[in-house]
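All chains are identified by letter, namely A, B, C and D, in their written order; residue positions are counted from 1 within each chain.
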Amino acid sequence: MTSTEPIRVVVWGENRHEQVNPVVRGIYPDGMHNTIADGIADLLGGEVTVSTRVLDEPEHGMTEETLAATDVLLWWGHTAHEEVSDEVVDRIQRHVLEGMGIIVLHSGHHSKIFRRLMGTTCSLRWRNDGDSELVWTIAPRHPITEGVPQPIVIPGQEMYGEFFDIPEPDELVFISSFSGGEVFRSGVTYRRGYGRVFYFSPGDEVYPVYHHPDVQRVIANGVQWARPERARESYLVTPMYLTGEFDRPVLTSPDGLVDYYTREPITPREP
Amino acid sequence: MTSTEPIRVVVWGENRHEQVNPVVRGIYPDGMHNTIADGIADLLGGEVTVSTRVLDEPEHGMTEETLAATDVLLWWGHTAHEEVSDEVVDRIQRHVLEGMGIIVLHSGHHSKIFRRLMGTTCSLRWRNDGDSELVWTIAPRHPITEGVPQPIVIPGQEMYGEFFDIPEPDELVFISSFSGGEVFRSGVTYRRGYGRVFYFSPGDEVYPVYHHPDVQRVIANGVQWARPERARESYLVTPMYLTGEFDRPVLTSPDGLVDYYTREPITPREP
Amino acid sequence: MTSTEPIRVVVWGENRHEQVNPVVRGIYPDGMHNTIADGIADLLGGEVTVSTRVLDEPEHGMTEETLAATDVLLWWGHTAHEEVSDEVVDRIQRHVLEGMGIIVLHSGHHSKIFRRLMGTTCSLRWRNDGDSELVWTIAPRHPITEGVPQPIVIPGQEMYGEFFDIPEPDELVFISSFSGGEVFRSGVTYRRGYGRVFYFSPGDEVYPVYHHPDVQRVIANGVQWARPERARESYLVTPMYLTGEFDRPVLTSPDGLVDYYTREPITPREP
Amino acid sequence: MTSTEPIRVVVWGENRHEQVNPVVRGIYPDGMHNTIADGIADLLGGEVTVSTRVLDEPEHGMTEETLAATDVLLWWGHTAHEEVSDEVVDRIQRHVLEGMGIIVLHSGHHSKIFRRLMGTTCSLRWRNDGDSELVWTIAPRHPITEGVPQPIVIPGQEMYGEFFDIPEPDELVFISSFSGGEVFRSGVTYRRGYGRVFYFSPGDEVYPVYHHPDVQRVIANGVQWARPERARESYLVTPMYLTGEFDRPVLTSPDGLVDYYTREPITPREP
């Protein structure tokens, strides 16, 4: 059932903190997106091809061509969500609905694309004060949790706490606690259209979280989980079906009924 | 726990078919929105106050003032979804997330506000050929199903069929079958933010569906279910909390930490 | 929609620790069940009638007569789960499926009735070492969370931690963190048949948890939430229905088809 | 992530109708279990090893040894559910909770093992009158739906209709309509403990449903989906963990704390 073609992974990074904050640059000298990409490539090897895109590329690197050739997109943004154009957000959403997997990381909870897919504010409580985070597995046989300890221990992290304003997840995979006492649904999955969505919260820019082997393992597992299992497919957008003709979508047109795919006129079949 | 104040209900109607299609005008001489509103008022009496708004009013009748005074909004649109301004959609979404209930009817599945709340295309298969529809209760103790027969029999209706491109519902309340053999998740609920969402599919404009007593009963039940149980509340949008101060949201500002509500400077409490 | 009859509440207590452990007797001189019952009566007043039953009564106090007159049953057990007879467990399960609400408290996670309703081991990790527990609201407009602070602070409690072996909850209401770092899904709801199930984990016998006003509030809210909204109803157990006769259940018998209720012979209707 | 070892499949058949009903024997001369097994073997080839067991074997063929060597168990029973011993049901349940997949077919909805895993009556409405059944895919990218048409057309089948008394499914995969107008959640999945559960309703004994290629495809897909992705694992049954020792389960014993696995005494680690 599973394809043997490599999973085409694209890691999108905002790549702004790295330019202005020496702490972040010290931790991620090649940019966070490259560290995330390297972690995936190291763990999954020939099972994937991994590339990166950043905000400041034309169309933010998210061209139709790139997205059409992407199986799983990872998204890390924080300070510049509003700079992402609505047209690009529309395009990414369409690809997710048609089957592309997407993994949204940490502060990406507030990105336009995540809020678009969720329909909510995706707001949360926070504190950036070096809390330690424990990431507990709630779904012990979920593929995303394979090979990670119970719990994952992250020595320093930004606190993200409840209430996290998201729709009820399809699957709750991880819950984190912080040394300050807060809790957070730190790993949640959704289906949207034909695509799979995984949000995973560890990963503030001022801590070396994406160098953490267990975090890398979760992300690599997420890539395997989010990959589309079938070919990308455009939606049948509200097609009409004649009675008893379950397999022939049609459209109404000024010239009468036409075939959904060919736009040629059709006639009802004999019963 | 339940307020004894009347539920403030607003029925929004597109009110276009009624102007141009004599069949629709024959069934709904006062407009579909008024028939829907009358059904609610008849069944719930003093428990509600009901008014209507239509697309062609200024701001489509969905002013801030109106929405702030609405507990449950009903939405019927079909042919003019794209005429609804994005600004009004933003406003309605915000009110839902802050606690206003919303009931989306029939072809409203393709409205901007429903797609916004769902994050998907909300596409489906259809045929308008007088199928009979049977609406089966799947959640027999859900308040929305109280007092309706198993199944509700609707002699003539537009067929809506699966695949219906929506997120996994929080609750699946009704499934319909059609005489042509299709099935449809015809009653589904969601929470979005602090607000409740109910989608109910019966109700094409060329059939007298909103005169059907069982359909009226479902809609009235939906109004009771969707009403907010607490006061409308603006979100705490990503507030910060100091360690151990779970009850005092703060914001960062150029002048240091300020109180979330008063914007006055604050100092950390003694531990 | 909501009945104005008082909610008939029965608190079931194992009542064994109180007999042998002076610490427990010191905290709960009248038994835990009475403290729980008093908390409900104090908060809900005339909205409820509350009584108690204990393990050592005949049939553990869970007679057919008692259960038939119970709207919401609360269950606290710990050391003597195996002493509860299977016959009584069958009976309680039947009443839940027919509409009685049930609230299972703390160590009741391992009771026969909870495991019966869940189908899993309901196992968890634990430590009884005076951890403080923070109970975070995840579902901020759920009726069970009304009037409780974010978070509820319980100074001393037994730690219950994940993985908690339960089915995916219908609603995740609370998540707790403990001072030792563990997390737990401490408030979860399910529907089973026509009945509502609420599991709430705070409440070890050696801490005064059921004297805590916020815990009492949650339990009182749970009683309101779990009450049946319609009359108790015996199931239609695999009734047969003739084609087109959706409203007349029948049974096969040696004498042919009989009415499900009267057991009188029936004849198919004219189409 | 996926093992390349063959999936060890066992098809359990009640094998009673075949002995007494010539119609059934005509359709399934080797027994229904063998037809089901052959369908799986034909479609999955070297990916599986398939064997069968029947009710009348010692321990109903469900010995500890057999279950320990089973990755996915299929269960078809109808007339003799009560003859299955409770001890065997306990054993199967334990294996499911430890990771074995289980696929329950058709009238198996009323089997002891399915009711045990669900916690409900699993009752439904029915009519055995040759209805045609259309099985509609609701989850179009779920692995279980791969390669099946929309809808699957089954010319003759027993009608199973709602209300179907099951817990809210984790995933609703298929909904069926019947020519008499009823609907049914005909494909539903659950996790119970570490194991996956798939219920699929087509398959009455007096119709050749298990010869239907699309039904065979669904069952083969179900086998692939339900296989455990990790080694079978006994539960940690309420282990204790000392503060900060998240990875060392212990037990209390008359001699003090002992290691969960070795039962050797342990001493707390230095902090």
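Note that contacts are C-beta pairs under 8 Å (C-beta built on N, C-alpha and C of every residue); 3 or more make two chains touch, one makes a residue touch a chain.
Source: prediction; values computed, not measured.
Visitor: Which option, A-D, B-D or C-D, should count as the same interface as A-C once over half of the contact pairs match?
Guide: B-D
Visitor: Would you mind working out whether chain A and chain B touch using mostly the same residue numbers, over half shared, or mostly different ones?
Guide: Since more than half of the residue numbers are used by both chains, the interface counts as same.
Visitor: Given that chain C is a copy of chain D, what angle of rotation, in degrees and a multiple of 5, matches their CA positions?
Guide: Result for this pair is 180 degrees.
Visitor: Report which of B-C and B-D is connected by more C-beta pairs in contact.
Guide: B-D
Visitor: Roughly how far is chain A from chain B, centre to centre by C-alpha average, rounded to an integer in Å?
Guide: Roughly 28 Å, centre to centre.
Visitor: Hey, how far is the Cα centre of chain B from the one of chain C, in Å?
Guide: From the centre of chain B to the centre of chain C is 32 Å.
Visitor: For chain B versus chain D, what separation do you get between their C-alpha means, in angstrom?
Guide: 38
Visitor: Residues touching two or more other chains, restricted to chain A: which are they?
Guide: 134, 140, 150-151, 161, 168, 181-182, 191, 246, in rising order.
Visitor: For chain D, which residues are in contact with chain C within the complex?
Guide: Those in contact with chain C are residues 93, 97, 110, 116-121, 123-127, 129, 131, 161, 165, 167-168, 170, 180-182, 190-193, 235-244, 246, 249.
Visitor: Show me the residue ranges of chain A that touch chain C in the complex, using the header's touch definition.
Guide: Listed in rising order, the residues of chain A that touch chain C are 134, 136-138, 140, 150-151, 161-163, 168, 171-172, 175-179, 181-183, 185.
Visitor: Could you pull out which chain A residues touch chain D in their complex?
Guide: Touch residues, chain A against chain D: 1-2, 99, 134, 139-141, 143, 146, 149-151, 153, 191, 194, 221, 224, 228-230, 246-247.
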